[in-house]
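Shared between the two complexes below is chain A, which has chain B as its partner in the first and chain C in the second.
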Partner chain A sequence: MKPSKSPNTGQPSVFHTSRRRFLATTAMGLVALTASGARAKLLFGTGLPWDSGSIEPPRQVLPGPWTFFTPREGELVEAIVERLIPADDLSVSGKDAGCAVFIDRQLSGHYGTSDRLYMKGPFQPGLPTQGDQTDLTPAKTYRQGLKALDDHCRRTMNGKSFTDLSPEQKDKLLTAMEAGEAKFEGPVGSGSLFSLLLQNTMEGFFADPIYGGNRDMVSWKMIGFPGTRYDYRDHVLKHNQKYTLPPVSIGGRGDWARKG
Partner chain B sequence: MTRIRLAIAAALLVTASCSVIAAVMAPALADDQDFTLIERGRYVATAADCVACHSLPDGKPYAGGAALQTPFGTLVAPNITPDRETGIGNWTKEDLRRTLREGIGRGGKRLYPAMPYPAYTRMTDDDIHALWVYLQTLEPVSNAVEANQLPFPFNIRLLMAGWNLLNFEPSSFKSDPQKSEEWNRGAYLVQALGHCGTCHTPKSALGADDNDRALQGANLQAWYAPSITADKRQGIGNWSVDQLIAYLKTGANHQSLASGPMAEEIQNSSSKMTDADLKAIATYLLDQKPSEGKTLAPLAADDARMRTGGAVYTDTCMACHGGDGKGQTFLFPTLAGSGLVQADDPATLIRLVLDGSRAVATDSRPTGPAMPPLGWRLTDADVAAVVTYIRNSWSNAAPPVSAGDVAKVRKTLAQAN
Partner chain C sequence: MARKLPHKDVVIVGLGWTGSIIANELCDEGLDVVALERGPWRDTATDFNIGYAADELRYNSRQELMLRPAQTTVTARNNAGQTALPMRQFGSFHPGNGVGGAGVHWAGITWRFSPADFRLRSHFTERYGAQAIPDDMTIQDWGLTYEDMEPYYDRFEYLAGVSGKAGNLNGQLQDGGNPFEGPRKREFPNPPMAQTYGPTLFAETAAKMGYKPFPIPSSLLSRTYTNPLGVTMGQCTFCGFCTNYGCANYSKASAQTTVLPVLMRKSNFELRTLCEVLKVNLDSTGKKATGVTYVDTSGEELEQTADLVILCAFMLDNVRLMLLSGIGKPYDASTGTGVVGRNFCYQMANQVVGFFDPAKYNFNNFIGGGATGMAIDELNNDNFDHGPLGFLGGGSTRCAPIGAEPISKRPTPPGTPAWGSGWKKAMRDSYLSNLSVGCEASSYANRGNFLDLDPTYTDRLGRPLMRITFDFPENDVKMSAYVTKKVGEIVRAMGAQQAVEYPRTGPWSTVPYQSTHVVGGTAMGADPSTSVVNPFLQSWDVPNVFTVGANVFPQNSGFNPTGTVGALAFRAADAIRSHYLKSPGPLVHA
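Up next, the complex of A and B:
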């Protein structure tokens, strides 16, 4: 700010006329500083912050009825994840690994409602690098997208539903969805439903079993991922030897005592 | 000539009288303005760790403490600042002397031995005098404390007359002429000022020190304070004098990191003591050699509990404490050869696994590493197995722990948290 001259004294008015205000503001600033200073904690010499019992561990997802899907939606998603990860000589299917259960529990939690994301407008089409710019939460995408898929099937497959199709027909439709070529009615395009399904299926397949998928650490055993281990000092110097420790989940593994 | 002589005589006389006046005045000024004495009193208060009980973590020092849970009920350490209404401003030095030496406060009020007068009874008169002078210099703080919150009938202070009759006799420190001056200084610090036995000596059913098993480890407030004798399996017999000094001074040494109540002791008291005094304490403690029990054989490695415990250890503990139980000096305690790990009473060990803990942070070792709680991840049976495993691996040997033992500690912790 450029100080203007006071007409009578010739002094810069920013000092002259607002001296009282300046002092008042400074005093308020000091009060504010003191108040925030009182809340700040001196950490040096007292160690890292640590409180007994303050941990919030994830809860083990238990099998059981759907918490988000309707029975029909559950059937559809199970049929889809079974095609995205079919059972073969490497692993069980995505359905048997619990991917649909994983997706269901995620959708009924804060992921489904986008509780932790900024979800107020304006909503405008963005660049591909800007990610999803719609007001559709994952829960809405699944609810409306799965309905659109069912309708699309009945309309184009002689009244058959997705679950009635042969594996080859399912794969063909999924391939069309991936390319965005299946024309869905409603706000959710087939391409965006497919990419969300594929992403969530992979998450369910590879995430810790505590979240409902990756049953018995099946994917970790398949790719040799060690799980929740994070220190390999005992193995660093063992060159050209196979690493034999089995994977372990946040919830433990079969060799533990568990019961009791 | 005569005049000069007269002048010299007069000068001498004046000087002499001044000295006499100074000599007369000196004692009157000395006590409350003698810097050396006040500082000595401060050191006595530090070595006796008065602040630990008589202050709140965020409160004014010595203005009264937090509730102390004893097996008999709740006691609160009173305000010992020189405030006339709520502190000890009306006390005389004799009141303080009787409190410390006999457990009887001003006006004949009997103290409960949560105040470690059974240890302070051995304090020297010089130390009590210095402490008195120091306490007078504190800022008086008005803070009324209801010290006695015990339930009936324990709230009747006169009961303590009977307790004292059975368990306590005012005494004084007796030095051992056979031992060195350093050893005796250590004995005084351990037995009187440091009152180490208050936590580390097993208690009788009446809560009195069992002096036949002095410093051999005791359980209180859901912590097991391990043996601090030279017992090689359960105590600190494998530590050198220097290693013990490092522990008391910095809170960490080659093997261990202090946490829990010992962390507070180190922060408030022993980290502020002189190196000479810590050396004296170490010399005395490492000369305490109780008869060791018969040698224990570790559980066989193919025992089912050991196999299960080994799996839990590999998956949960090994990342920090290492497959060989050696940990990482100054960061993760060494479990192999640890007295606390092999103690007959596994309460602290179980507690650390269930609830985690934070090690003390001192000026020399300011990190204060923390162990996370694992009670949410491990069942009682898992904890029992893993604790049994670390108690019987890497040349350790100790009785196995049952899931019931773990359940008890878990319950105590749930009540405390």
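Up next, the complex of A and C:
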């Protein structure tokens, strides 16, 4: 075996044949995995493999038709996120911030299908300390849960649908769902649907706008989060002083775009 | 049948923190080293690109850099009477995946354990008498001393460029450092990081109360630094997207920023990514490993023979590979015999959240990083008299603003609604004016807490998942209640209108994130009847197998583990280089 150059010093690295003698010496050769195709990557003493495209940059979610929701589901979710995050003097509503669009796009990706999670059976009911043990992906939870919500409304609200209710009635029903007290039919309980809706709505409201929610960084401006600025060295020692620069997102800032 | 590949001197399983350190050391010895890593290649410019590294949804909420449970997970239960069920998504801890391992997205708090930690049972017995240690508490000594570890702590700290202030230099206490730490031979390689308002207020208040605050030892760099391997890192910018994220500034020490630029250029090093090791192969005597079998992404099984097998696959997979390969006797909790899987421990994560008057306090919590902040150590380990208290152990207390990405970090006072205008106002008011002080505390081994193979659930390849049987022992719950109350006093003294105490209580839940400081399962020690590896991390049963990781801790200290894990990696490499290669075989005779 040849001694290697150690790149930091330019000196040959320590190499003791005596120490190696005990080790079975096999000719060193490049292991060709060509027979098995480009399955695994072999990286030899060639320096750092700057493998461009090894990770994908996020893509800006574009406005447009629903990618997961049916029109009815979209309507329902918009009505819900508008109550979870209502328009008031602090911000626009969850709907106007794009939370429903965010949820729709998330559900048509790997998040919706739980592709990355452990989804092998057997599925057995567990203890609260064991986490979610259902085979319901977020996509299924929305599809079945929203239908159960619609049915529940028609059944208990004199045939009215959720979208027909007054803001107060909507809040009352959402509160009952939050407590798991609204009795839904089917596999998705009202409490599970509510907690997923709340989690995803908040994700949409606070995530980078590139994912379709938090339009115009509305939540960040409201709370004073500067987003992706990445360098605060000049403010570390400015104790108890307001940070005044406006937020920036992965896609930049609205006022960077050319006007007109 | 697995296809056989040409022989290598050394095969390293996993190229995270420890794998990179050992690989580099053994390459310097002239050995042919191959590392097998189950995840992809990752590097700063491509994977933690500054254009999109600061993405909370992708990296924190969806855990993009971490192990996907679809690949492998664990099952969990609180006691042997329950049926363990799979962690379908990771919650309580977040194992890493891919080159750099969890070291890519760690927080960077880099401690040395207390001298007493390494001889814990002896220490408690000497100070409080044997009866102070409960019968079911299976804590033990490590088989080495702090003095044995000192040179290797030093090497890891200089490799990583740790920023901090010594509290004890060669036995002389130093102002501004941790007065409880073991003696260091020299200062930290870099000065402490600058401090934002929150930790400054914490330190001032704690000092007035008689505590001795000091800067958290941090693997986020306070200045530009070139490490002994010649790799240069940049100054941390307090970007606030640190824990759970890769660093786009080359400021957080990881395999990528400290070792790989050198290791990857060595002609006697080879890395195979997207290759998951299935087991260590033993010869017919069962006392010698012949190499490992692994699978690539096509599903083909390959056999890599080697003279030395080093498991650096993070503690969970290290223990699982030992169990799957039949190395060491599995632990049987009902009889208390056997060793592999024994003494699985965790970390008691306690917290106090302070809500301050928004008109007067602005902490700008988004300015931060995983290891910025100030700490006190009076409440840790055996730094206070446990005689009258009825429990053992404690934790390191620190005010460490890690960032304030708003999907996950916008606490509201108890009683605040979770949605609607009332929520919005309360959330907005507390966003910049809340401040947390945490106490990361010890977790002591208990007879009923262990790891074994699950009888029901398998990974995508049909191999049994590892099963965790764990709950917080009464001792640790009492300790948590005590230290959290003390921390609450400090937060109130800082001026919080409300200090909400969250001492860790049982039962252990797999759902909320606590820490990725799972430890134990293949304890190191001087006695093979209670340990799996000797004090050089060499298997007692199969001496050409070493394992490096927190799996060798016999129990956990009130500190984050990686400073000690990194030091142990250097120590094992040194033992292999200076002793094992001269005379392959057991380094310690039992």
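We take it that the second predicted complex is superposed on the first by the 195 of 260 C-alpha atoms of A that agree within 3 Å, B and C clash if a C-alpha of one lies under 4 Å from a C-alpha of the other, contacts with A are read in each partner's own complex, and residues count from 1 in each chain.
Quick note on the criterion: contacts are C-beta pairs under 8 Å (C-beta built on N, C-alpha and C of every residue); 3 or more make two chains touch, one makes a residue touch a chain.
These numbers were taken from a predicted model, which means no experiment stands behind them.
Once the two complexes are laid over each other on the shared chain, residue contacts for A:172 go to neither chain B nor chain C.
Once chain A of one complex is fitted onto chain A of the other, the partner contacts of A:233 extend to both chain B and chain C. When the two structures are aligned on the shared chain, A:250 is found in touch with chain B and with chain C. Judged by the touch definition given at the top, the superposed model places A:84 against chain C, while chain B stays out of reach.
Of the two partner chains placed by the overlay, neither chain B nor chain C lies in contact with A:183.
Contact with chain C, but none with chain B, is seen for A:208 once the two complexes are overlaid on the shared chain. Of the two partner chains, both chain B and chain C are touched by A:57.
Touching more residues of chain A than its counterpart among chain B and chain C is C.
With the contact threshold set out at the top, residues 44-48, 50, 52-53, 55, 57, 228-231, 233, 250 of chain A are in contact with chain B in one structure and with chain C in the other. Across the interface of their complex, chain B is touched by residues 44-48, 50, 52-53, 55, 57, 228-231, 233-234, 245, 248, 250-253, 255-260 of chain A. Across the interface of their complex, chain C is touched by residues 1-9, 13-17, 19-20, 22-24, 26-29, 31, 33, 36-37, 39-55, 57-58, 83-86, 88, 90-91, 111, 114-120, 122, 124, 126-133, 171, 174, 178, 198, 201-203, 206-208, 210-211, 219-220, 222-233, 235-237, 239-243, 250 of chain A. Within the complex formed with chain A, the chain B residues making contact are 307-308, 311-312, 314-315, 318-320, 322-324, 355-363, 366-370, 372-373, 376-382, 384-385, 403, 413, 417. Across the complex, chain A is touched by residues 5-9, 27-32, 40-43, 45-47, 49-58, 61-62, 68-70, 73, 76-78, 82-83, 85-89, 91, 194-197, 200, 229-231, 235, 237-241, 248-249, 260-262, 264-275, 296-298, 300, 307, 361-364, 366-367, 404-407, 410, 418-421, 424-425, 427-428, 431-432, 456-458, 460, 507-511, 581-582, 584 of chain C.
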